[in-house]
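Below are two complexes that have chain A in common, paired first with chain B and then with chain C.
For the complex of A and B:
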């Protein structure tokens, strides 16, 4: 490749990353800015918004709700996705394509339709809104993502390993526990983390089904209506960016745990 | 020694319209090295998996050491398997792999350690306890798979083409080692292969399969010299097939008219009916004696010309056309120069006892 072309590509990459990350960088920058106005020039360094954030009990309620919903729904979604992925990778059966499509549907139809449908059903049955319907919605919504990850991971899984375990005297459950689970663990964790992140920042379902329990995105959205409350949302956003990056790095590291050096993969595959 | 240690009765396994195993019955003796031999897709693996319990039979029964195991799950059967790809658990080391099946035996730490060392020395891999599967060569993996199965002291060891992935030299070595090992432990081996020379060199008896059915069960010598049908004769080694028709029989012998060669009285080992046009004779290449000068020994003596020859190192195949014959005969000999055959003219002789009369399919 000629030097010129090289430089063009280089500039392209710079612009690309700039486009991707500069808007995001405004959050941490303004979160340390003095005053409540999000405008240049910056007024000076201050951690007041972080203190403000720290002193918002409602924020912590919402954070706790989000973590709770995220963990529970992602655990359930990962488990369901595991069974589905097992069926799709191990067996060939009638209606395979159809059931694959059926599981994928919540991922394909507009989320707002899913949200309205769940709301209508939930209300018409007469159940109270709150975290439970949100969890159910998130399980529906996360399962296809988790399944896609797990299918990719399990496609290369050698079914003979399970048979070898059966052959050596273990039943179905111990075979899962001693063989399939440890081997597939990095994939299961990756699926769980993805499910968690999706649930954590999911807005529409949580909005429609919230009742009196807010999740974090709903809380943040609510705060945006008051100009004075805006900066501490920026601080929260900055914290979330850092936390998410840590989770992604953790998932990335887990991918390669236990893999021999030469098999380690530098791409974060989903 | 029990004659019917493994007793397979009318076993069938069908996948939709594919009859992978089709109404098969036979028995295997205790302590026997028994091979299942056949071309790809003939149902060898399926039959082995029926023995292991990974496939359920559509019909029939399997008894092992007098116990009906037909519906018994694999973890309860007294069999262990060496998988074609070895299936070494990748997440645990060699030692833990070998100990894997011993959890329920509740041995003391010391006893378990002794058993592990015992099988490791049996497969000559002492000192490899801490390695992982990806740090082993194909041959070593195969031995670990063997050790992992043998530590269970199974009544029957099932092996699915365990040497298929090894290079030729290692395969030859492992054939001898496996055979010696089987003799040393005295466990009944059921060995699947599609390599006829492998099965012939290792086994006490061989079952030749084709399209889900057993074609013949014999010791290797009989398989080679007394094939019971065209398929077996063709599958084991190379042979010459010549169309023939039978004439009258006097019980033991029968008159056979071999196309373009002549009419002779030969042994009728398979009780082929009289006056049957649908027969062939099979003559092994090494049973045809080839000479540059006229031969006076031999039951049938003919003249021919050498059309072609291929040199295989330990022997040479000659393609010889006998006058008037449609296809050349293949004769093999240790001699490799055909220059001594003047104008490629040669003399051949065949003995009656080397001619096998078979029914056309």
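For the complex of A and C:
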């Protein structure tokens, strides 16, 4: 058997990629459609929904909330994930598998359970709902992702570099700042960007914990009920899809900066 | 302070590792373990109009299990449906993505990176928007119905497309595709190609080679894919809420109601605990069964 060609399989793969991509394409297509009916045949090209989007002050409030939550949670998650990844890649220690599992759990259990758990504890302690509990939830949810990305990146890290720095008289912190940090920077940025995207798109935790502060997905969810407000959500959706795709491609590229060719595939564990 | 830190840090690998892990572990304990315990304890209480009566009781669990009452009937039905839908999704995603992962692992020679990016990119775009896109496609005036009616194949919109379990399964299989593609690809990629050649040299047909060599070796990826899709989808809320209708409602929609409009935290907490236990039991069962199966091979 030569594994050079398999027409049937190739055609199937193309169809599957169609299944994967075509549904998402309908959002941008309909966002340029005239009128409020989301159905074929298209009524004609118009940018009215984008103007509508531009003139929605509540949308921008929600956008800033989302950016704030995303930046804070992803920064914290990247930091926690970095320390954890360091522990897992540098040391062999007792309880290694258990700790690894524990840190992954928030991502593995059904999200709604994490959401109501945070809601219950927050309400019973008597704290006001809002962006703070959402951030805590997002840090829990993003840390596993960032950690997997960083572990893949740090597996080949040469520990001699750190030891050399220590031998030459630098302390733990300066060694990190002047040796490890610059080397790992592309991976750290990639982890931060992907964590940000996860937080930015996250809906369920935000819905349970929102209080009166809306994030962007909550805003969109609220608008879906009104047929009239729907088209500008499509316009917003199209913008989000393009923006996140660009950020993700940047993150993917950064993940491989300075990686030897044969390791590049392995960094794709998630 | 710094001295104390340095002395602790240089003691042993165990201590060093746990110093590094402590922020993440403390977050998991305070942000997840303690809140889960709180949910667990709330599930043994009673909602009395506006206050919660903290006298310990099993009543919420009895309420959930009692199929003769309306509430119990609804809740057990929804639990069963959540589990069966998630299994369908995991199975459907598995059989549709396996050939794709197979193709990329064995046939793609150049630009593997690009293929992998293409496989995972949709996953990063907003989940809410992806589900919403399916609403546009499957809806009564949606893309499929409208085009079929324009062409003249049908006179009435196809009812089963929207607000049904079919809609939920299709949408979830699309949303979670990346989670099946990656573990499958990783396990297929690892297979030593000379094993496949050996199988051919020893006279196996293409199908026999697949069934007796490739498939068993890819089982870890298969199980990984099934579980990583099954576990989160049991608790999915957005998809059943947007495209499920009444027929496609799942347990999480009910849990959301208890923590929202219905304001019955204890019953909602009990439902969540039962969901978590069912997920754990299914996961253990799948693991045991696969261990048995792989031992026989």
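Points worth noting:
Assume the second predicted complex is superposed on the first by the 249 of 270 C-alpha atoms of A that agree within 3 Å, B and C clash if a C-alpha of one lies under 4 Å from a C-alpha of the other, contacts with A are read in each partner's own complex, and residues count from 1 in each chain.
Here is the rule we go by: contacts are C-beta pairs under 8 Å (C-beta built on N, C-alpha and C of every residue); 3 or more make two chains touch, one makes a residue touch a chain.
Everything numeric in this text was worked out from a predicted model, so none of it was measured.
Which of chain B and chain C touches more residues of chain A: that partner is C. Of the two partner chains, chain C is the only one that A:140 touches; chain B does not reach it. Contacts of A:182 after superposition: chain B is touched, whereas chain C is not reached.
Of the two partner chains, chain C is the only one touched by A:91; chain B is not. By the touch criterion defined above, A:51 lies against neither chain B nor chain C after alignment on the C-alpha atoms of chain A. Contacts of A:17 after superposition: chain C is touched, whereas chain B is not reached.
Of the two partner chains placed by superposition, only chain B is touched by A:161; chain C is not. Shared-chain residue A:121: touches chain C; no touch with chain B. Residues 171 of chain A lie in contact with chain B in one complex and with chain C in the other. Those residues of chain B whose C-beta lies close enough to touch chain A in the complex are 52-54, 73-76, 79-81, 83-85, 87, 89-91, 100-101, 103-104, 132, 134, 148-149, 152.
Note for the complex: chain C touches chain A at residues 2, 5-6, 9, 13-14, 16-18, 20-21, 23-25, 27-28, 31-32, 34-36, 38-39, 42, 96-97, 99-100, 102-104, 106-107, 112-113, 116-122, 124-130, 132-134, 136-137, 139, 141-143, 146-147, 150, 174, 177, 182, 186, 189, 196, 200, 206, 209, 228, 231-232, 234-238, 242, 252, 255-256, 259, 265, 268-269, 272, 275-276, 279. Across the interface of their complex, chain B is touched by residues 158, 160-161, 163-171, 178-179, 182-183, 258, 260, 263 of chain A.
Chain contact summary for the complex, chain A toward chain C: residues 1, 3-6, 9-10, 12-13, 16-17, 19-21, 23-24, 26-27, 30, 37-41, 79-81, 83-84, 86-88, 90-94, 96, 99, 102-103, 105-106, 108-114, 116-121, 124, 136-137, 139-140, 143, 147, 171-172, 194, 197, 201, 203-204, 208, 217, 220-221, 224, 233, 237, 240-241, 244-245, 248-249, 252, 256, 264-265, 268-270.
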